[in-house]
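Here is the structure we will look at, set down as structure tokens.
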Amino acid sequence: MSYILSLTTFLPILGVLLLLLIPRESKSLLRSLALGVTIITFLVSLPIMTGFETNADFQFVENVPWIAAGPFVMRYYLGVDGISLWLVMLTTFIMPIAVLSTWTAVEEKVKEYMICLLLLETGMLGAFLALDLFLFYIFWEVMLIPMYFIIGIWGGKNKIYAAVKFFVYTMAGSVLMLVALIYLYFRGLEAGFTSFSLMQFYSLNLDPQTQTWLFLAFALVFCIKVPMFPLHTWLPDAHTEAPTAGSVILAAILLKMGTYGFVRFAVPIFPDAAYRFTPLIATLAVIGIIYAALVAMVQEDVKKLVAYSSVAHLGFVMLGIFAFNQQGITGGMLQMLNHGISTGALFLIVGFIYERRHTRLITDFGGLSKQMPVFAVIFMIVTLSSIGLPGTNGFVGEFLVLLGAFESELRWYTVIATSGVILSAVYMLWMFQRVMFGELDNPKNQTLKDLNPREIAIMLPLVIMIFFMGVYPNPVIEKMDPAVKKLVSQVKRSNPTAEAPSAMQGLPEGHPVVVAPAASSGNSVIPAGATNTDEAR
Amino acid sequence: MENLNGYLIVSAILFSIGTIGVLTRKNAIVIFMCVELMLNAVNLTFVALSRHLGNLDGQVFVFFVMTVAAAEAAVGLALMIAFYNNRETIDVTDMNSLKW
Amino acid sequence: MDMITFPTIDMTPILPEIYLSLLAMALLLINVFMPGRQKGYLGYISFVGVVAIAVMTASGWGIEVSSFSGSVIQDKFAIFFKIIFLLSAGLSILLSDQYMEREGCNHGELYPLILFTVVGMMLMACGTDLMTIFLGLEVMSVSLYILAGFNRANIKSNESGLKYFLLGAFSTGFLLYGMALTYGATGTTRIFGISGQLSQMAAPAANIMLLAGMLLMITGFAFKIAAAPFHMWTPDVYEGAPTPMTAFMSAGPKAAGFAAAIRILVISFPALQPDWSQLFWILAVLTMTIGNITALRQDNIKRMLAYSSIAHAGYALVGFAAGNETGVAGVLFYMLSYAFMNIGAFAIVILIAKKGETNGTVQDFAGFAFKRPLLAAVMSLFLFSLAGMPPTAGFIGKFYLFSGAVQQGYVWLAIIGVINSAVSVYYYLRVMVFMYMKNPSEEFEWATVTAPVALALIISAAGSIILGVVPSYVMQFAQQAAKLI
Amino acid sequence: MFDNVWLIPLFPLIGFLINGLFGKKIKNETVIGGIGAFAVLCSFVVSCMTILRLLSLPIEERLAEVKVFTWITSGNFNADIAFLVDPLSCVMIMVVTGVGFLIHLYSIGYMHGEEGFYRFFAYLNLFMFSMLLLVLGNNLLLMFVGWEGVGLCSYLLIGYYFHKKSAGDAGKKAFVMNRVGDFGFLLGGFALFWYLGASHNVWTIQFTEIAKNSHLLPTGGIVTVITLCFFLGATGKSAQIPLYTWLPDAMEGPTPVSALIHAATMVTAGVYMIARMNFLFIRSPETLMVVAVIGACTALFAATIGTAQYDIKRVLAYSTVSQLGYMFLAMGAGAFAAGIFHLMTHAFFKACLFLGSGAVIHSMHEALHHAHSHDDPQDMRNMGGLKSKMPLTFMTFLLATIAIAGIPGFSGFFSKDEILWQAFSNQHHGSLNYLLWGMGAIAAGLTAFYMFRLVFMTFYGESRITPKAKDHLHESPMIIVFPLLVLAALSVIGGYIGMPKIIGDALGGIPNYFEHYLEPVFRYSEEYLSQHSQHTALHPSHAVEWGLMGLSVLIALAGITVAFTMYVKNRELPSRFTATFPALHRAVYNKWYIDELYDFAIVNPVKAAGRFLWKGFDVVIVDGAVNGVANIVMAFAGVIRYLQSGFIYNYAWTMAFGVVVILGYYLFK
């Protein structure tokens, strides 16, 4: 049994212990140490990716007893599969960038800041890796604490409101999940299972009634985290108040917790319920896409705009996941990563100009590209990837999501969602134009400095990833493919009709369905959709 | 013993009187006396029951209660004196520096 | 006339009580006959004594002895609780010296009184006869009345003591009446005897006298554990009492109340469980909700913690209402962790307060974190634990309490419980908001941390963390202790 | 066989990377421009090799696919980076690289001294790359990549003078409107993929595969939906009603951009797309009709607007829209070859016209600059009499104008006439064909009118600028003129490779090479149409064809005459005309207020909706609910804390009350 997962997860904690020894005055040392730790964590995490064999099972598993008292048995159970793999990589990849971005942004209380960041990393990694639901819940809650402090201590003028709102809102959701968890455990107990292990819950066939309630409990907290449409209002506050690194992490990783929660827990454990609630979720997702886009369009604060744009993006992710087919879920997963990269980058960019001008109001800017050409180029690239222009990462995910959703029963939702593609162009380009184009009239802007090497160093990896995942996403897709297939089959098993009717749906009346020979498309895998259409006939 | 109920009723009435007293009176000492009344009502119950059941547990209990009541009285009066030293009153309506 | 022959009595069950009482009296004598104002050393003596007795008590684990013709017993349940009492007493003793010194009421009687309180509580935990339990309860209460009003010069302290006394005595009346009726209905005061009688009764629930007795006893104990609507004394008394005593009261006597109530109800009244479970269901909801909601708007930190302690009593009641092993074990575990985290929190409050507690408000924590980062961190630990955030003792405790409820089928109770703890997060966070996110309003000297207080902080911090990260062992003990029948 | 075809898009990409990354350092304009132009030249050469090799093959083998690498694979979905070589794509790459190269050359001269010179060429090369990707892509997704790529480049190049707000707006408008089209494109793609897959188990987005399986598709029904979606995409990219309004604004960009992107290549992508998927469109008569009607309407409508514009480039822009209308008319009429043919010829003469106008503007600009006059160098009302000053420019411009006006013997005539004839004779749309022909003919007349109006206003008469500036007017340098000459030549002779059959026969059996060449692509569709057209195809006699031809020529000539009389003979006519019909003139001058209509009907409502949803809904209701709960709880807390009155008798009462309730409940339940 290899300990690489634990190592990756708890390296940041070691870093924290180191930081504690360093006097708070030596800021640069603190910074570089934190950076070092995160980079090392990233390097340590690389073998997880390289050593990952392309199959559906969990790998690098660590499974040791932890708590055993009364009716409960909790285990320290970590493992990574195609779904969590990339999120883990994303986390370790983003963290050094986030740390680097605080170099000059955070001047006071550097020590505490770095400690919070590192604690946060551990929390997030743990949550992605935990295969024991109790353990997952622990990490899930632990994440809140450092983020709460990051927003509350180093945030903007309205920071306390935002921090408390963030904490209480999320907490309110997750406590219900706790009850559901306990209930689920006792149901498992009846079925003869004696641990919180995910596998056992997968194989637990619950009656629809129970599934419904439990799913609702899980879905609520995950929807809050995503955030889904009516539950999203904590996000703009949190984002606008949080310091740059906070926003970056929040957008890039924390929000993924919600969607990841669906993919890993809510959907496969309660397939029937998930299937039954698809219309609701899809509706909310689509509303989110359009609604957030419209709201983002009229924002005056760049950061708020980006915040709302993430609501829209995650709407796409949710739509993809609840398509319950290969393309949809793959697209959803990709979109998670893309959103992590693009929106993370956007927040960094906002951070750059905020550091220079101490304002985020669009109206305070204009014509910056004259003054900051390099910045302009990078900003443009990121904007385009967030719009989902082909060739950038944003496109692949968005396209697969929409394709998958269109193939599933969510056809009409997809039609509406696709119009979000237009809106995203509208609000992003409009913002870009107002910030970067036009006359450089504001005297304050005429003295702006272009990006310095550190800032370019921050953005470069992101830009590279933007293009790499846009042009050659296949390696990523291949590694997650088996896991996704498994997930699809998990849903299908309990809902054999999951996709079949969709294939027939919307055909012109009286049009005879020709039974065609096997798929003539060039790929080897047996398409899930196709097999199902066969079943249906 | 056919008229046990009589005793029980009487003691119940006594107990209620005590309770009402605690609820209505404002002088700390009077309130405490009402509490004592309640305790003695209980004692009466114990004695009656013990007699009725024919075992001595009840009687023993009563001794404990009386002792305890004495102890409480001592402590309580001490506290009242301490309070009186500071406020020159033992009216409970004046005991409201701690509220909300 | 031949000599009266003493029956041979096995003293094991009450040896701790005996030793404690002896220690206490010894201290009293020392206090009287030793010259000098400085009586701090009494604290050290009593702490050492408490530790020693704790060790001795713990060594009895697994040995079940019942004596005094079944009116006291030494079993895991009793021992577990005795440890809790001794722990809270020990911690409070550590806190007392510095505080009492500052408030200028470092009278030597303090420590004996604390010890007597512990004796009372221990009797409640190990008593298997209504009489012993009553006796213990009174010993505890009487000493507590004094401790609450211990700061004689301070009007608030007086008031606190007096209120506690009057209401306490009042509730004693009900408790006692309950005991009387139970005795009347069953003809015995031994709790095993009672259960025996009940098992013979055709329909115990139909027996008005028995039912009334039980209910009255419940109300009596509800007062001690500050369950709504018998909670109203709590905020006033806690606010007025000297802070170390508040800490002590919030941890020890509450636990004692639970100990006695659990023993009586689980052992004597299993036949009436539907009734008392239902009652506790309601009490739990009331208590949690009222406690949490009222705490939201409190500025005085002691009062806030008082309300929070009401809320916590409510959580514990959830487990009690479940009445099953998981739930009861949860109560035991929770009482232990609560002793750690709450006394820890009060320790910080002591450190931050000025003489006469002119500055007991949340606002006074402003900027604390960056003046005394370590203390602030510890305080945050306690607060998160109180809020039930993993990985702290508070979380594990709540987890087991609510699990008990769910296991018993009281899912809604659990849901109400968790929602309450979500609400409670707000006022715990509020303290942290001031500690970490505001700048100090006015400059003043932060109290220096004396060795005993530091020790207390270390112990309680360690407890709150360890019970959270590796709860297995303690939880297993709790589980064993919870096997009452 | 065609293994090196991937080089064609590669060269411009390399050019883009070099100029984009290091252009700032290079500084030297000739080097930058050279790199840019050379990259395109290389791909032009490769294109020539490709098409030659293609021609060397027997007709039925003129189809090849070259896979570079697998791009996306997910479940039953698979998309490669792979190129499709067939006559159609070869025409396109020839046009794109050929015209593109000339325009690159031109730009070196034209953009001389502009700041961000390197940026311009980087964008231009990026555009070439995307465009070639678009035409060479062998599957829907790759085509879409190019499709969006060219959109991006047009956005960047329109906004090249980003400090001008108008430029930024125009760029955004172009991109967003294209996005509206892309929305259709995507949906069409999804629907096609899903339908073929789900109901026939053919999971593919490759053109060849779809074509192979197109027999599985029904006629009408779902296919109509799919094709209409695609057509929506086409209208966006090719500036057809209702999404044409971005193109005139796109003239904010530098003139070479207008020539390359907004005349010769990108805007024709929609036409190309329909031609590429002809096998799909033929299966939906409804769609074909819509395409034809939209095309005809656009042709006419844009032409009307063109008659009243004064900005030289805007006139050309509307003319472009109108000409594109012709192409769509051809597509709708099922005359794919003719459409593509017009696409090609149009590329020649319209590029020539734009570049010519560019030359004019260039010298006008310099002249005005020297004269320190702030008149608009693009406004024809400031021009006039340039004939003598810029003879070469004038000549080329005139030739191109004649070509577009459809004077026999010039390329425009052949292609346009072929389209009109096909629209008339192909009977897919019932008796609609007369109407279509009529609209086309009228549009032709208007075209002739406004084009010659332009020529007359610009080159004839006496100059209308200050004499001081007048002296600075001069012919452009060679590097600018050379492309003009080439393009002019092409727009004269370009038509002869695709002479309509009837003329060819008359001239002694010269075949329509172009049509034959494209036959393998369109044969199937044309046969299919001739079989399935639900009306008995009437076979009009040669007389009719000659007659119609003559008629259209007459109409064109009429237009020219009118223009001559109005703008050369007696100049007061226009003013008098406007005086008599002020409303009409204003309406036409303001482009029938379409932009205003859109603003009123769509843009403003959307913005208003956004504002309401944010300020009114998100903050007040959604967030209000969240905070509302919190506030209610807090308020409640504020109330119940006062129950804690501090008086112990209240506490005692509460306790007693509790006892009574509990006892009462349990004892009397």
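All chains are identified by letter, namely A, B, C and D, in their written order; residue positions are counted from 1 within each chain.
Just so we're on the same page, a residue touches a chain if its C-beta (ideal position, glycine included) is under 8 Å from a C-beta of that chain, and two chains touch if they have at least 3 such contacts.
Just so we're clear, the structure is a prediction, and the values are computed from it rather than from any experiment.
Asks: Using CA atoms only, can you tell me which chain is the most central one in this structure?
Replies: Nearest to the common C-alpha centre lies chain A.
Asks: I'd like to verify one number: the distance from the centre of subunit C to the centre of subunit D, where each centre is the average of its C-alpha atoms, in whole angstrom.
Replies: 80
Asks: Can you check how far apart subunit A and subunit C are, centre to centre, with Cα atoms defining each centre and the answer in Å?
Replies: Whole-Å distance between the two chain centres: 45.
Asks: Measuring from the mean C-alpha position of subunit B to the mean C-alpha position of subunit C, what distance in angstrom results?
Replies: 25
Asks: Between subunit A and subunit D, what's the gap in Å when you average each chain's C-alpha atoms?
Replies: 37
Asks: Residues of subunit D that touch two or more other chains: which are they?
Replies: Correct list: 641, 644, 646, 648, 652.
Asks: Where does subunit B touch two or more other chains at once, residue-wise?
Replies: Touching at least two other chains: 19, 22, 31, 92, 95, 97-99.
Asks: Which positions in subunit C are in touch with at least two other chains?
Replies: Residue numbers touching two or more other chains: 163, 166, 170, 235-236.
Asks: Of all possible chain pairs, which ones touch?
Replies: Inter-chain contacts occur between A-C, A-D, B-C, B-D, C-D.
Asks: List the residues on subunit C that touch subunit D in their complex, please.
Replies: 163, 166-167, 170-171, 174, 208, 211-212, 215-216, 218-219, 222-223, 229-230, 232-233, 235-236, 275, 279, 290, 293-298, 423
Asks: What part of subunit B is in contact with subunit D in the complex they form?
Replies: Residue list for subunit B touching subunit D: 19, 22-26, 31, 92-93, 95-100.
Asks: Considering the complex alone, what residue numbers of subunit B touch subunit C?
Replies: Of all residues in subunit B, those touching subunit C are 8, 15, 18-19, 22, 28, 31-32, 35, 38-39, 41-42, 45-46, 49-50, 52-53, 55, 57-58, 60-61, 64-65, 68, 71-72, 75-76, 78-80, 82-83, 85-87, 92, 95, 97-99.
Asks: Could you pull out which subunit A residues touch subunit D in their complex?
Replies: Spelled out, the residues of subunit A in touch with subunit D are 165, 168-169, 230, 232-234, 291, 294-299, 325-327, 330-331, 367, 369-370, 373, 384, 389-391, 395-396, 399-400, 402-403, 406-407, 411, 414-415, 418-419, 421-422, 425-426, 429-430, 433, 436-440, 471-474, 477-478, 481, 485, 502-504, 506-508, 511, 513-523, 525, 527-530, 533-534.
Asks: Which residues of subunit C touch subunit B in the complex?
Replies: Result: residues 130-131, 134-135, 138, 141-142, 145-146, 149, 152-153, 155-156, 158-163, 165-166, 169-170, 172-173, 176-177, 179-181, 183-184, 187-189, 235-237, 239-240 of subunit C touch subunit B.
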